[in-house]
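Think of it as A, B, C, D and E in the order they're written, each chain with its own count starting at 1.
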Amino acid sequence: MINAWWIIGGVLFALLNTAAGLIWLERRMLALWQDRYGPNRAGPFGLFIVLADTLKLFFKEDWIPPFADKVVFVFAPAVVVASVLMSFVIIPFAPGIVVADMNIGVLFFLAMSSLGVYSIVLGGWASNNKYSLLGAMRGASQMISYEVFMGLSLMGVVVLSDSFNLQKIVEAQRTVWFVVPQLLGFLIFMVAGIAETHRLPFDIPEAESELVAGYHAEYSGMKFGMFFIGEYLGITLISAMVVTLYFGGWLGPTFLPPIIWFVIKTFLFISLFILLRASMPRPRYDQLMEYGWKVLFPLSLLNLLVTAAIKLWLISE
Amino acid sequence: MILLLLILIPLAGALLSWIAASRNVLWSRCIALASLLVNLVIVGQIWATHAATGGQWIYQYKADWVPHFGISLNLAMDGLSLLMLVLTFFLGALSVLISWKEINQRVGFFHFNLLFVLTGITGVFLTMDLFLFYFFWEMMLIPMYFLIGIWGHERREYAANKFFIFTQAGGLLMLLAILALYFIHGANTGVYTYDYFSLLHTPMQQDTARWLMLGFLIAFLVKLPAVPFHTWLPDAHTEAPTAGSVILAGLLLKTGAYGILRLVLPLFPEAAAHYAPWIMFLGVLGIIYGGMLAYAQNDLKRLIAYTSVSHMGFVLVGAFSFNTLAYEGVVMQMIAHGISTGALFIIAGALYERIHTRNIQDMGGLWSKVPVMGSATMIFVMASLGLPGLGNFVAEFLILLGSWQADRWITVFATIGLVVATAYSLRIMQKVFFGPSHQQYALPDLNKRELVIIVALVAAILLLGLHPQPVLNTSQKTDYVVR
Amino acid sequence: MPVWPFVAYGGIVLILVSLILALSYVLGQRHKDRATGEAYESGIVSTGSARLRFPSQFYLIAMLFVIFDIETVMIISWAIAYQEVGWVGFAGVSVFIVILLAVLIYEWRNGALDFGPDGRKILRAYKKRKKESLAHNDAVTPLQQQQAMM
Amino acid sequence: MSFADFISLGPLITLFTAVVISMLLIAFKRNHRITYVFSLLAYLMALTAIIPAMLYIPHTVPPLLVVDEFSLFNTGLVLTSGLIILLLSYNYFEEREERKEEYYLLLPLATTGALVLVVSRHFMSLFLGLEILSISLYGLIAYLRARERSDEAGIKYLILAALSSAFLLFGMALVYAFTGHMDFPGIGAALRQAGYIPVTVLAGFGMMLIGIGFKLGVVPFHMWAPDIYEGAPLPVSAFIATISKGGMLVVLIRFYVDIHGNDYSMIWWMLAIVAVASMFVGNWLALTQQNIKRILAYSSIAHMGYILVAFLSGVQTGLEAISFYLVAYFITSIGAFGVLIVMSSSIQDAETLDDYRSMFWRYPWVATVFTAMLLSLAGIPLTAGFIGKFYIVMAGVNGHMWFLLFMLVINSVIGLYYYIRIIAMMFKSLATGEVTYIKPSLPVAGNITLMLLTLLLVGLGIYPTAMMQLIQQMMKMIV
Amino acid sequence: MNLHPTTAGLLLAGILFVLGLISVLIRRNIIFMLLSVEIMLNAAGLAFVVAASHWGQADGQVMFMFILAMAAAEVSVGLALILQLYHQLRSLDSDEASRMNG
């Protein structure tokens, strides 16, 4: 058993670095797919751009608009970072390497991810800017809508593994990864995850082309940076969750230690996120919402019912 | 069965005359009159057949109604009921007649209400089941309310409301008492019933009996009315249409007296005896106070109304004297008062029809113009003050004789009431028919229809005064509580 | 499971976040220009506050969310115990979900799930209008038509 | 769920299924008439479903529900009343509201709530039924969007109902915290074992009383009633006055019987005070009102007081009396509101006293019905109300509640006054040149319904035996 | 202070409840009133959970879920009504929304 302090420290350290590193990674990969250079000046492969960006953000003006609701304005970006970071406590990176091995892990994840919507609403509202407000409203409606299906799509996994505990869920995938019996659930969860993190192509709340920068139009400096970090942390979180729930978590052939498997899988999904950004056009807001309510929601209910029926039938056999 | 018929005939008449009125008003009147006359003939027949022979209970009829509670359709007729019914249908028929011209609007509904009241009154006089008694008791109210409230004079709504609320309040107290009696009887004997005969000798605590008696008594005192509860009466009588006043004074008041004779005394003899002095005192108070107030009135109908208070005082005094003489007087008084006061109201109505005022200050010197009406009035005024030879004299004389045995002082004061009666009675004659005439009215004397009515009434009152024996005989067919 | 790592982790996260905020506040530069204090609206001078009324569509979504999220809670509580309750429970939750779907269909048909203008619907309505007005034009004068519309 | 459970809960399930189906019906074909006819059929089917359910009584669906004769009787009562209200509604909504179909979802749903209340024997089902009922009612009360008082009434009811629910829930939680049971018999047993009522539980009961009292509209939780009655559409007011109160009353009776409420004088006193206050406040406030809806609201407050008197008598006759009174009161109230519905024009409801001036001469038939209904409310013979009041007084005398009875008598007389005032208004003639603005719609279905109600009213007033036997039968089961 | 956990929990719930109640009584804005009522409901829910944990039963939690569902439905209807009311009155002051009296 590794000392819990080490786990805590390790997880936090890794996460923050990943989030920062993703800035570089994303830009490099986008460049790769779009056939251009990307950041390549500072340091090897332009890696130091991460450092440069961070420093720049810290020294940027910490502007609080005079017309804004100041307390909420400052508070909002902190929420997103904190809530996403908190979500990671339940992720089993490897056997035993988990901050809090909760028996309601999945629920905790859902709870924390729904906290994220607060940062958008509060940030957008506190900015007292019309773009921000509109972005916030859109973001909020998008996120809360997709949260419903997200929770429902997860239930397929819960039914199969009979537990909310993520370690147990991973253990239950020893024979077959849940992506096989739960393909539909996986797809729904993936889509909902993208919408939850309001990543491209579902970045309706920020939508540069129509809303400038959406809910964080008035943010600058490190507060903007925190939204930024929050987004990357979100990507990581969803990837980690997908891996844990559907792709066997740390499971893998024994020639590599479990944690490496986990990291590899997670980074694959992070790359998938970036690939999606590079390749997909943005849907209209109403298309997004209607797609969710009219397609994903009934599908997720159906998925759950069919899964449970088959499982029950198998048990009774 | 015939008893049920007596109730059903006016009920059917009520509905039919209402329906008929939409076709032809005359039919409506005829149906109403006919149904009452039929009933009058029936009871007359019964009276004639059973006047001399037969036991105390002439007819009885019993059928289950709500067996669950021990409520039955228990009807019975003895002498008292018989007399009351004769009076009811007699006055009922007359009131249809007097409304013949007076009521021109909503004739069907008027007759419906009139007959409905009479149905209720018939029921009250016939029923021997306490629940049923209460049922009919309440049933009288609504149509009477309408009679006053729709066809009455200026302040009709006020009067109607007052009448309704007073009697209803009394009725509810009676309901409580009935129910208490029911449960006490049930608890003591194991038989839960509202049957009058079963309840007659219910053993109970002295205190309880007194409370229950008060419950009944107050309902009847309100109806009667005795003095502290009388304030609804002048209003109701004054504002009601003539037929309504006749029914009120002639019949509704009698239900109160009937209730005392039928229920209060037999059910709670000891309690009644215990309170007798106080109640007799109330009676005397009514006699004198009512008479004095009557004297002070200027409104003719109001004056007559207060005389009722005074006369009913005699009933109260007589009823609580606990001897046969007084009881016979009471029955006699009920009938005679019904006829004489009814007649006075009819005359007041006829006058109002002609000169459109009830204020006696505006009248005077009418004798020369309407001598027939005047002489008729004279007869009834004399009856009212108790002139020998007329029904009221017999009644009051018997009552005073009876009460003398019970309480002398009461009797003395009651006799003083007679003096007051003379004063107010003569005032009517003096102000209306004699004396100076202030205004010149061109008014016709009684027409044929009115004449028929008046003659019938005069005949009745004379018969009562000169040959009271049949009535007295019949009234003896009742088991009075004597001590 | 010990609780303290969780608490410690949470504490560290909080400290970290506030540290970042504080640091940027301390380190950040300050300046004051003519338009610094104005809201950014793509270069146009901003008009009024942003405390606007927004479409009730958003309220509708909030209601939908609240209702369906609570349904999710119910379903979740079944999902955790579905083995114990067996087929009976399954039947129960099926009924529940069928009702839920019925509600969804109802809202769908009533247009609660149409978040934007539906092009086809508008086109259909337009065509209908046009047809009607053509039919009208044959029979009535424009004045009458105007009156009819009023 | 066993087969017996299904059959026993048949009426409830039928009605609820019908709600779901008619929701789909509305989704695919929005048509007032179709929806209306379907709802009528649903009520009829639910009523029919009572017959097979009778085979299995008494049947407990542990732990939440119990189907015995008492609940089946009240199920029938609730369903019949719902049906009648529905019959009266068609024309009313046809004339007033553009989107009227949803009414036929909400009304059966609210009825379902009442049905759940009727069969519940557990806090949970009590709460569920109450909330199904309440939440549907919010919608129903505010249904007429064009009318300005409608959503004011709705929001008022919503906040107050939620508040009272909170009280009810907290009270339940306290009781549960002490006894460890949420089913009524369990609580009763636990209390009996303890032998006394601790302060916590007493506080719990008190808080529950607030919640229940609100629904019943008894003093001092009555403030909402007149406003809501005035603002709500008339059929909905009829619903609130009857089914909503009746359902709650049934639960209250079951709860009180199961916990042997009469053994604890504190509970008794709480209810007694409420009863007396309800009678007085209801009647006094009704005296000065000019709006008939408000008069009916206050009168219903007073009637709840009367019912509580029978309730407190603690004898079996009392429970019978309540059942009978409920039947009479349902008929009467729906009838009275029915008259209001029939008399209302499409522009405004006929609600002020002046709208009824001389009504007897213009619409004699409706006026007769209204008179009959008012007399029944006042408890005058030949009407069901008379027998009902008689029954209550009988129960009171049987239980020696002399003081309460005395209060009841006084209040009956006060009550008489304002009922009579309406009647008197109907008989007044119009002053010359005066016109009434109400142009009643007088729909045929409404008139037929009213006729049936009147027949029922008079029928029960003249021949109550059959109903009494039925009630006596079922009361043997519960006590 | 050495409180039994159940007592402490109930006490907390009670305090929440009273706070909510006071807030309902003094607030004039309908939305805030609604919010306060929600607080009261949640206080009741908390009391249920505490009681359930005291007896080691799940009933209280189930009840809490029902309360949650009911509160949600109530908020939905409430918001709709408030929107409509705002449409008419242009205000959410509860004194404004009190045109009926008598």
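The rule we apply is simple: contacts are C-beta pairs under 8 Å (C-beta built on N, C-alpha and C of every residue); 3 or more make two chains touch, one makes a residue touch a chain.
Just so it is clear, the model here is predicted, and its values are computed rather than measured.
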{"item": "Path length in steps (a step moves to a chain that is touched) from chain B to chain E", "value": "2"}
{"item": "Shared interface partners, meaning chains that touch chain B and chain C", "value": "D"}
{"item": "Dominant interface by contact count, named by its two chains", "value": "A-C"}
{"item": "Chain with minimal offset from the mean of all protein Cα atoms", "value": "D"}
{"item": "Relative to chain A, chain with the most remote C-alpha centre", "value": "B"}
{"item": "Relative to chain E, chain with the most remote C-alpha centre", "value": "B"}
{"item": "Whole-Å separation of chain centres (CA-atom averages), chain A against chain D", "value": "53"}
{"item": "Centre-to-centre distance between chain D and chain C (centres being mean Cα positions), rounded to whole Å", "value": "39"}
{"item": "Computed distance of Cα centres, chain E from chain D, in Å", "value": "26"}
{"item": "Whole-Å gap between the CA centroids of chain A and chain C", "value": "20"}
{"item": "Residues of chain C touching at least two other chains", "value": "62, 69, 108"}
{"item": "Per-residue multi-chain contacts in chain E, two or more chains", "value": "73"}
{"item": "Pairwise chain contacts, counting only pairs that touch as defined", "value": "A-C, B-D, C-D, C-E, D-E"}
{"item": "Complex contacts: residues of chain E adjacent to chain C", "value": "65, 68-69, 72-73, 75-76, 79-80, 83"}
{"item": "Of chain D, residues touching chain B in the complex", "value": "361, 375, 380-382, 386, 390, 393-394, 397-398, 405-406, 409, 412-413, 416-417, 420-421, 424, 427-428, 463-465, 468-469, 472"}
{"item": "In the complex with chain E, residue positions of chain C that touch it", "value": "56, 59, 62-63, 66-67, 69-70, 73-74, 77"}
{"item": "Of all residues in chain C, those that touch chain D in their complex", "value": "88, 92, 98-99, 102-103, 105-106, 108-110"}
{"item": "Chain B residues touching chain D - in the complex, by the definition given at the top", "value": "65-69, 106, 131, 134-136, 138-139, 141-142, 145-146, 149-150, 157, 160-161, 164-165, 168-169, 172-173, 175-176, 179-180, 182-183"}
